[in-house]
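These notes concern the structure reproduced below.
Going in written order, the chains are labelled A, B and C, and every chain counts its residues from 1.
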């Protein structure tokens, strides 16, 4: 692990819902520019951790720090404003809007114009809208979706929808990107492309990326460091080799690993 | 999708507006009063439908309180344009309270004031109530509209209570009504076609994802609600001047129901749909009068003599919801793009 | 206020509260199962009263029989409404069913207006019901005793059905998790129909008793009681039958007592319920006795 200051840190994050502890003592520190992974069997609490980091849940205990500044308990839109973007396990696109509109909505958080400026035809607003549109088109080009910019997003095939969700997240100009099972439902060819894509956007957009993933090929192929969650607590962390040979990890995945060889 | 406001289409838009002006000029001298009344109603209903569509069709908030905002707009505006003489005449139970007894304003200002008053109330209501979801929001806004109505019925020194206001100057002619209608439409088009408009639709489609994308959904729902309330107030103000007599009973749930009907029939999430829906439903409501009984149509339809008209009307709403939920236009808009494409074969693809 | 006046007001409140409570139960049951505010429910209340009226004046059947038939007919109406206007929309966005309900409500009201005309109709009141009884200086109508008694009997019967029979178990199960209940082989549509039937029967009973208490019926008589009963259901905790009754009683009490102690407020009487609604929704949306009906994020 590099010595640089971590982009994202969580300190002893714990969350309880009523009597149930959904996550306990979640401690990670993600180095700048890294691509890291959070893995674990289903129900281990991975998406819950995402929801805590992005402000959808408030942890019962513990802190979340972005570039050293606490963001614990901030509402989701403020977390995004601070620089964290995410995708969702079950794709959550704006299905009635076009592909282009979806990405432009992502760009809204960085817009300076107010809502009343466009009706009043203020020039700076018109210019900003045009710039946003151009930037959105550029993002679509980088994910290969510029040719369907005016199609409604629900008409896209599954893999394209996932890429669109990522493009939308990129439009928010994040420092830190959370990807929730980006390879779900992809065939090996698509997974390869995804891995290359993740590496590319890390460089092109100066990102740090944390992903949840079940596809071990993707995890081992793209993550530089991995945390393992089982039954709501971290049971291991390390680089891919360390994780691959960790007995506790193997035990947690017994049965699951048989079908996805690492 | 480019629509009427893109500068490329400035000329066709201006031509359309000019044609409308020509039509109004012609109508004023050639059509009988009844037809003019219907046209006036179409314009005002369009404003009302557009305002409710913004709140419900575009932002996804099921608000049943529209009549309340209309009431505020109607009363505020009317109190500002009623001549002093008339005020003295109609406030027979209790004299009109200060400052309303002395305030007067030109028509444009009065209507604007009506809209602003409604928007202010919308803002106040929105902040506590918009936290509620779906159907609870509907009931809560309905509740507020009823509270407003009851308050107006009892606030005799200001509203003249159940007697209402009579003799409101009938400034609201075709020019004013369609003028305000165009203004509303222009504003809505610009709003909906901006990224802010996209954001409202995003809030409607998936609030969780919208929040994750940095959108303060609560704040913008309040904004959308208040803008909708503003235009509902404008519509109410114009309506008051059109029918020249208003009382609290007019602003009950039936009024909201009519606007809701227009929005649903036209298409939730379509500005074109609201205009078309307004035209179709207004004409339909008038036409249905002859189905039941010939009735003097000096006053406007919502003060209405209930009867088969409303039976057919409500049946129509049920049928639309059951069989064609998206109404006339669904979420589609009529745009210059689409029109030109239709007229030039093999038009360029976007 | 004298003690006698107070007691009379109390009995008034008890009566009014029972009537609200009976209607509120129908709202709460349907909302608990379908998450739908059945706008047309208040109109079943009205139909119950009209059915009795026509039963008695047109067909000359004995008054008691007319009541039973009217309640049954109203139950059927409730079931039919669900079948035609709500069931096709089970998979549609929830607001669609709500709009449909609004449409049905207006339809019933205006159809009744056309058929029955808007002229309020006088209702037959058997003498023994309106002969004033006196307890010392306190004078009340027999209705003030009978209505709450019948209401509580009906609610008791309903609770027995809900908690001690299999269909009742199915109803409770559906309100918790409709999909799982369906998977367990329960004919969900039949149970939903049963729910509408029971709720409508209670609403009709309430409408009939209301008409005996305020003996002028007209097609829009169910509008305000309907709104208020729904508010009572929210107050008591939507989804809870006991809560609906409690909410109804509380609302009746507030309405009567507020005007009794502050006669100047009588013009605002109808607004109390709505103000109460806003206050509950903001402070404790689950009501007094309700459970959280959360949406899964």
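One rule holds in what follows: a contact is a pair of C-beta atoms (placed from the backbone, for glycine too) under 8 Å apart; a residue touches a chain by one contact, two chains touch by 3 or more.
For clarity, every value in this text was computed on a predicted model and none was experimentally measured.
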Both-way neighbours, i.e. chains that touch subunit B and touch subunit A: none
Central chain of the complex, centres being mean CA coordinates: B
Most widely separated chain from subunit A, with each centre as the mean of CA atoms: C
Cα-centroid distance, subunit A relative to subunit B, in whole angstrom: 42
Centroid spacing, where centroids are CA-atom means, of subunit B and subunit C in whole angstrom: 33
Separation of subunit A from subunit C, taking each centre as the mean of its C-alpha atoms, in whole Å: 50
Contacts with 2+ other chains: residues of subunit C: 297
Residue list for subunit B, restricted to those that touch at least two other chains: 208
Multi-chain contact residues (two or more partners), subunit A: 56
Interface residues, subunit A side, partner subunit B - complex: 54, 56, 75-77, 80-81, 85-86, 88, 92-98, 101, 104-111, 115, 118-119, 121, 125, 129, 132, 150, 168-169, 172
Parts of subunit C lying in touch with subunit B, wherever the complex brings them together: 35-37, 85, 88-89, 92, 94-96, 98-100, 102-107, 110-111, 113-114, 118, 227, 230-231, 234, 267-268, 270-271, 274-275, 277-278, 281-282, 285, 295, 297
Sites on subunit B touched by subunit C in the complex: 62, 128-129, 131-136, 138-140, 142-144, 146-147, 150-151, 153-154, 208, 254, 257, 260, 264, 306-308, 310-311, 313-315, 317-318, 321-322, 325
Subunit B to subunit A touching residues, read off their complex: 1, 186-187, 190-191, 193-196, 198-199, 201-202, 204-206, 208-217, 220, 223, 269, 331, 350
